[in-house]
C-alpha cells in the first residue's frame, strides 16, 4: 500500500510542478521546475519498478535537457512575453480537452494499474522474463531486451542520438568538415544578428 | 549583456568549486565505467554510462571553462568517437551476418551462443556509450561555445 | 510496310518531325524543310492506307495504361476521311505558314512549328483512335499542343485568349467528357468503338441520355453553344493557327469525335430511343442559327469566320444526332468540305492581313482589284461554305438535307435552308466589297506583296473545293461503308 | 526490535526532524539569505543522519558502501552548491535586505 | 538466409554510411559516398522486390529472434513498392544535389548535409519495411529528425523557423503515435504488426483500441500533412534547400501514407476502421477538405515552391481519398497516386530548384519570361505540371483515371466531381507559372541567366520522362499498386 | 520505519517544492531545487531500503550528480534580468 | 472509492500531465516554453507507459533470487528508447531556438512572424 501512497504523492507533486511551469513567466524558473519535474518522474519510475528508466530519465531529463535549456536561455532572452491570451486560445483549450478526454475514455477498458493478468504481461513479456537470463545470461532483462531482442531498436536509438549531435553541430558548430576548418561555419549564415 | 564571458561568470574558476570538481570528476568517470560494464547486473548500460561520462565532462566545462574542456576533448576527436560508436554497433551486426547469422544475432559470434550474446551486448553497449558520450559533450560544447562567440 | 505499321507510323511521324524541328530550330531553312517534308511524308503515308479503307484495320494495341483503356489504333471510314483531310491540309498550312510567319517576322517560330507538328500527331491519333480512351488521350494532347499556338504572340490579349481556350476546353473535357468516358467503361465494360455501339442494351435510356449530354457538351472542341467562346477568342493567333483550329485539326477533331461517339458508342438504335437526342438536335440548330446571326454582325473578318465555323460545326453535330446513314455521310462530307472551304477563307484573310494589315471587313473595299487571286480564292471558299455547286459544300448540304428528310426533322431542314441564306449574307459581301466597292480614300496604305507560298496554298485549297465537288464519289462510297 | 533498529530509527527520525525543520525554515523565513542559512545547515545534517540510519540497516556491505558514497557525494556537493549560490547571488548584485524585508515584489 | 540479409542491409547500409560520410574529408567525397550508397540501395530494393513471392512477403527476424519477441522486417508487394520509390527518388535527387545544395548550403556543412540525407534515407526505408510498430516509431523519428536538420540547413533565416515549426508538429505527431502504440500494446501485449493483427480483433470493441487507433491515425496524419494537420508542410517545403524539398515531397509524406495504410489494413484491419467505427468517414472528410483547401490555397500563392507545397496537401488528399474508399480499386488508385505524385512533385521541385539555382528566387514575378532563358528547365516544369493536372499522356492522368473509376465504382459521385474540379484548379495554379515563364516578357532588371547545369537538368528530366513513361506504359506501376492493394485488402479479411 | 521516513521526506520535498513555486527570486528557487534534489537522493536511498536491497543506489548517485550539475549550470548560465533577481510577476507567493 | 477510478488513477493523472504539457506546447508563443511543454508532454507519456508495465507486487526486472514476479521489462525498453528520441528532439529544437534568436532577435512566435512579414 505504501507504494500506492508514494505514487499518489509523486503524481500530485508532478501535477503541481507542471501547473507551475505553465504559470511561470520567468523562463529560468520554468526550466528549473522542469528539472524538478523530470527528477520527480524519475522517482516515480523508480517506485514503479523501472530503475533503468529512472536512471535514464534523471540523467537525461533532469540533467542534460535542463542544462541545454539553461544554456539556450543564456543565449536567448530570459522571460516570456506576458501578453493577454492570444488569438485562438479557447480553440486550443478545446483541442487539449478533447484529446485528454479521448485518452481518458480510452483508459476505461485498460487493464487496471498493476493488474498481473493484463495482456501486456501475459503475451510476449513472460518469455523475456523466463528465457532471457538463460538465453543471454544477463540478469538485467532490460539490458537483454534492449541490446539483443530489440537490438535493432537500439541501433536506431543510437542513430537518433547521432542525428541530434549532427544536427546541433550543423546548426551551431563553427566547423564540421575536418577538411575545412578554416572556412566559415554556420555563424556567418545566421542572418541578421542582434542581441548579444 | 557581458555576463556570459568566461572569466566574469561567478562559477568558473571558483576555488571551492574547482577543488570539489577535481575530486568529483574522476570519481564520476569511474562511476560511468562502472555503469557501463555493470549494466548487465544492475540498472544502467551504455546509454546511461554515456550520459554520466558526458556529465562529467560538462561539469568540467562548467567549472573550468568550455575552452579547457574542448582542449581535453577536441571536436575532431569527438566526431570520430561519435561515428565510431555507431559504426561499432553496426559493425557487430554486420559481423554477425558475416559469420552466417542474422543481423545482430550475437549468438553466432562464438561457439557458445550465450557467450556470443554476452560479447555482442558488451560490444554494442560500448558503441552506445561512445556515441552518447561524444554526442552529449559535442552538443554541450557547441551550445556553450556559441555563448562565448 | 503493312498497313498496320503504316497506321502506327502515321502517328509517330509527326512526333519525329516535331523533334526534328525542335532540333534544327537554329537554322530556319532546314527547320522549315523538315516541317514541310514531314507533312508531305505524312500525307503519303495516309494515302497509302487508302487501299485498305474498306477492309478496315483491326485494332493495333500499342499500350495498355489502364484496364480497358488501351492506346489502340484502327482504321475506319470516318477516320480515314479525317486523316486524309488533315494531313493534306497540313502540307498547305505549313507552306502557307512559312510564307506568313516570315513575312510577319514572328518570334518563337521553332516553338510554333514544333507545337504544330505535335498537334498533327495528336490529330492523327484522334483520327485513328480505336477506342474512347485513345480518343480522349489524343484529344487532350491536341488541346495542349495548340495552346502555345493560340498564345503565340504572348501579348496580354493572347494570354487571355489562351486562358479562355484552355479553360473551356479543359473544363469541358475534364468535367464532362472524362466522367462520361469512365462511366461508359463502367457500364459497357469496354471502350472500343464498335459498329452498332457498345452501350446498346447496357444502360437504360435515361442513363444513355445523360451520357449523350455529357459527350455532346464535353467535346468542347465541337464548339456547340454555349461552349463556343474559345473559338472567337482564339482568333488572336496567327492565321496558320486559325487554319489549324478551324479547318485542319481542332474543331474537326471535336465534331469528328462526336460523330464517332454517336456512331460507335451509342449506335443509331440506341440514339433513336433517347429523347435527349431530339433536344440536342435543337441545340445544334440553335447553334447554327445563332452563330450565323452573330457572324452577320462581326466586322472583324476573322471573327466573322470564327462564328461561321461555329455555325458550320452545328451541321455536323446535327448529322451526328440524326441517326441515319445519309445524315452521317453528310456530316462526314462536311468535315472535308468545310475544312477546305474554311481554310481557303482563312488563308485569304491572312493574306489580306499580311498585305495590308487590315482586319475589318469594312476596310477591305476595293482591295480585290489589287489582290485578285486572294479575293477569288475567298469567293470560291465562300461559295463552297454556302453550299452552291459546283463546289464541294453542295454535296454535304445535300446529304444533310436528305438525312433530315429521312429522319423527318422538318425543323432541321428549315434551319438548314435559312442558315444557307445567312451564309450568303455574311460571306459574300466580303468578296463583293473587295471586287466592286471603290477603294477607301486613305491612299497611302502600305501594301506588301503576298508571299508566294501563301498564294500557292490558297490556290490549292480553292481548287480543292472544286475537286471535292467533282470527285465526291469515292468519299461518299467510303462513308457508306460505315456499318450502322 | 533490535538495537540496530533502534539506533537506525533514531537516526532516521532525527534526520527527518532536521529535514522538516530546515524545509519549514526554507518556506517561512523572510528573505533569501536567511532561507539559505536555514536550508544549508539542516540539509547536510538531515542527509547525513538519514543515510547513516540507512547504512546501519543495510543488508550487505555493497549497499552500505554505496550509501557511504552517496553520503560523501552529498557532503561534497551540497555545501559547495550552496556556497556557489550565495556567491553568485552576491556578485549578481542581490544584496541582503537590511531594513525592508519585503522589498521584492 | 544470406539472401534475406539484404533486407537488413537495405536499412543498415545507409544508416552506417552516415557516420562514414561525416568522417570523409572534403566536400566531394561525402557526396560521392551518399550517391553510391543510394544507388546501391536502389539496386537492393529492386532485387528484393523481385524476390517477393506472389501474395506473400519476405520475412526477416532481426537478431535471429523470432517475432513477436524480436523485431521483424517484412517486405511485401506494398512496402517493396514504397521502398523502390524512396530509393529511386533518392538516387535521382543526389546527383542533382551536388550543384544545387552547394549553392544553398554553406560549404563547411556539406558532409553533414549528406550524412543527414543518408540518415533520412535510412529512416524512411526502415519505416517502410519494418514489421514492428515500435521500430517503426524509432525509424520514423530518425527520418523526421534528419529532415528537420535538412530543412534548417538552407541559408536563410525563415528556414530555421520552418524547421522549428516542423519539428514541433512532427514531435507532437510522434508522441501521439507513441501513445497509440502504448495503448495497443497494453491491450494485446505485442508490438509485431502481424501479431497485432491477429490479436486486435478480439479486443476491437474496447474503447482503448479505438483511442489507440485514433492517436496513431492523428500522429501519422500529422507526418502525412493531412488537412487539418498540414500546417508545417508549406513552410517546410518552401524554405528547405531545393533538393531536400524535392526529396521530402517525393518520399516523406509518401512513407507516412504508407504507414497510415499499413496501420489501417494490416494492423487494425479494414473491418475495424471502416465497418465498426466512423474513422473511415473521418478520413474521407479530411481527404475531401484537403483536396479543396490545398487546391484553392495553391492558386493564391506567389512563390512557386509554396504553391507546389499547397498542391501537395491537395494531392495527399487524393491518396487518402483512395484509401478511404476501402476497396481494391480505391486502394490501388491511392497507392498508384502515391507513386505518381512522388514522381510529379519531385520533378516539379527539382525544376523549381533549377530556377532557384539561377535566379535565387522562385517568386512568380521574378520568373517571367524564363522560358526563353531556361527552356529545358521550364519545359520540364511544364510537362511535370501537366502531369500534376492529370492530363494525358502523363502519369498524373493515370492516377486520376483510377481515382475516378474507383470513386464512381463506389458510387461516390460528389467525390468524383470534386476530383475533377480540383484538377482544374491544379490547371489554374500550374498555368500561372507556365504563363509567367513562357508568355510574359522577361522581368525588367533581371540579369540574363543561363540554363541550369546539366547535373541538375538530367535528374529533373529523368523524372519528367518517367512521368510520361508511366503515363503510357503503366504495367509496372499499376501492376504493383494492384498487387499491393490486393495484399492489403486480402490481408485484412 | 522506512515507510515513515519516506513519507517524511516527501513532506520535506513538498515544502521545498512550495518554495520553488513561490520564489520570489531565482536564487530562492535554486536553493529550493537544490534542497529538493538532495531530498530526492535520500528518497531513493529509502526506496532502495524499502524494496529490499535493490540496485537503486547507483541511481541515487546519479541524482546527486545531476542535481549538482544542474545547480552549477543554473548559476553559470543565469543572467540577472532587469530587476536583478528574476522575480516572477505572475506567480508571487 | 469507485474501483474504476482507483484502478486507473496513475493513468488519469498521467493524462492530466500530458495535457498540461500539450497545452503549454500549443498555447505559448515563447519557443523555450514550447520546448519545456513538449518535454513535459513526452515525459508524461513515459509515465503512462511505465504505469502500463507495472505489475502489482512485482520487482524491478533484474533477476534476483527468490523473486518470480517482475515488472514487465518491455515498456521499460521502449521508454528508454523514447527518452533518447526525446532528448535528441529537444537538443535539436534548442539548437534551432538559438539560431532563431540570433537571426530574429526574439524567441516569441508573434514577434518572429511580424519580422518575417516585414521581409
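We just call them A, B, C, D, E, F and G in the order they show up, numbering each chain from 1.
Here is the rule we use: a contact is a pair of C-beta atoms (placed from the backbone, for glycine too) under 8 Å apart; a residue touches a chain by one contact, two chains touch by 3 or more.
None of these values were measured; they are calculated from a predicted model.
> Return the chains common to the contact lists of subunit B and subunit F.
Both subunit B and subunit F are touched by A, D, G, going by the contact rule given at the top.
> Does excluding subunit A break the complex into separate pieces, and if so which chains end up together?
one piece
> Per the definition at the top, count C-beta pairs in contact and tell me whether F-G or B-D has more.
Per the contact counts, B-D leads.
> Looking at C-alpha means, what's the farthest chain from subunit C?
When every chain centre is compared against subunit C, the largest gap points to D.
> Provide the C-alpha centroid distance between subunit C and subunit G, rounded to the nearest whole angstrom.
Centre separation, subunit C to subunit G: 69 Å.
> Which whole number of Å gives the spacing of the CA centres of subunit B and subunit G?
24
> CA centre of subunit A versus CA centre of subunit E: separation in Å?
Subunit A and subunit E have C-alpha centres separated by 28 Å.
> Between subunit C and subunit E, what's the gap in Å when you average each chain's C-alpha atoms?
That gives a centre separation of 43 Å.
> For subunit D, what residues touch not just one other chain but two or more?
73, 77, 80, 84, 88, 92
> Hunt down the residues of subunit A that sit against at least two other chains at once, touch-wise.
Within subunit A, the residues that touch at least two other chains are 49, 51-52, 54-56, 59-60, 63-64, 67-68, 71-75, 103, 107-108, 110, 118, 120-121, 124-125, 128, 139-140, 142, 146, 148, 150-157, 159-165, 167-169, 171-172, 175, 178, 186, 190-192, 195-196.
> Mind giving me all the chain pairs that touch?
Applying the touch criterion to every chain pair yields A-B, A-E, A-F, A-G, B-D, B-E, B-F, B-G, C-E, D-F, E-G, F-G.
> Name, in rising order, each residue of subunit G that touches subunit B in their complex.
Subunit G residues touching subunit B: 60, 62, 80, 84, 91, 94-95, 98.
> In the complex of these two chains, what residues of subunit D are touching subunit B?
73, 76-77, 80, 83-84, 87-88, 91-92
> So in the complex, which bits of subunit C are touching subunit E?
Residue positions touching the partner: 63-67, 69, 71, 136-137, 140-141, 144, 148, 151, 154, 158-159, 162-163, 166, 170-171, 174-175, 178-179, 182-183, 185-186.
> How about subunit G: which of its residues touch subunit A in the complex?
Of all residues in subunit G, those touching subunit A are 3-4, 7-24, 26-33, 35-37, 39-40, 43-44, 46-47, 50-64, 69-81, 83-92, 94-99, 101-108, 110-111.
> Sort out for me which residues of subunit F touch subunit D in the complex.
Residues 1-2, 4-5, 8-9, 11-12, 15-16, 18-19, 22, 24-25, 27-28, 30-32, 34-35, 38-39, 41-42, 45-46, 48-49, 52-53, 57-58, 60-61, 64-65, 67-68, 71-72, 75, 78, 80, 83-85, 87, 89, 92.
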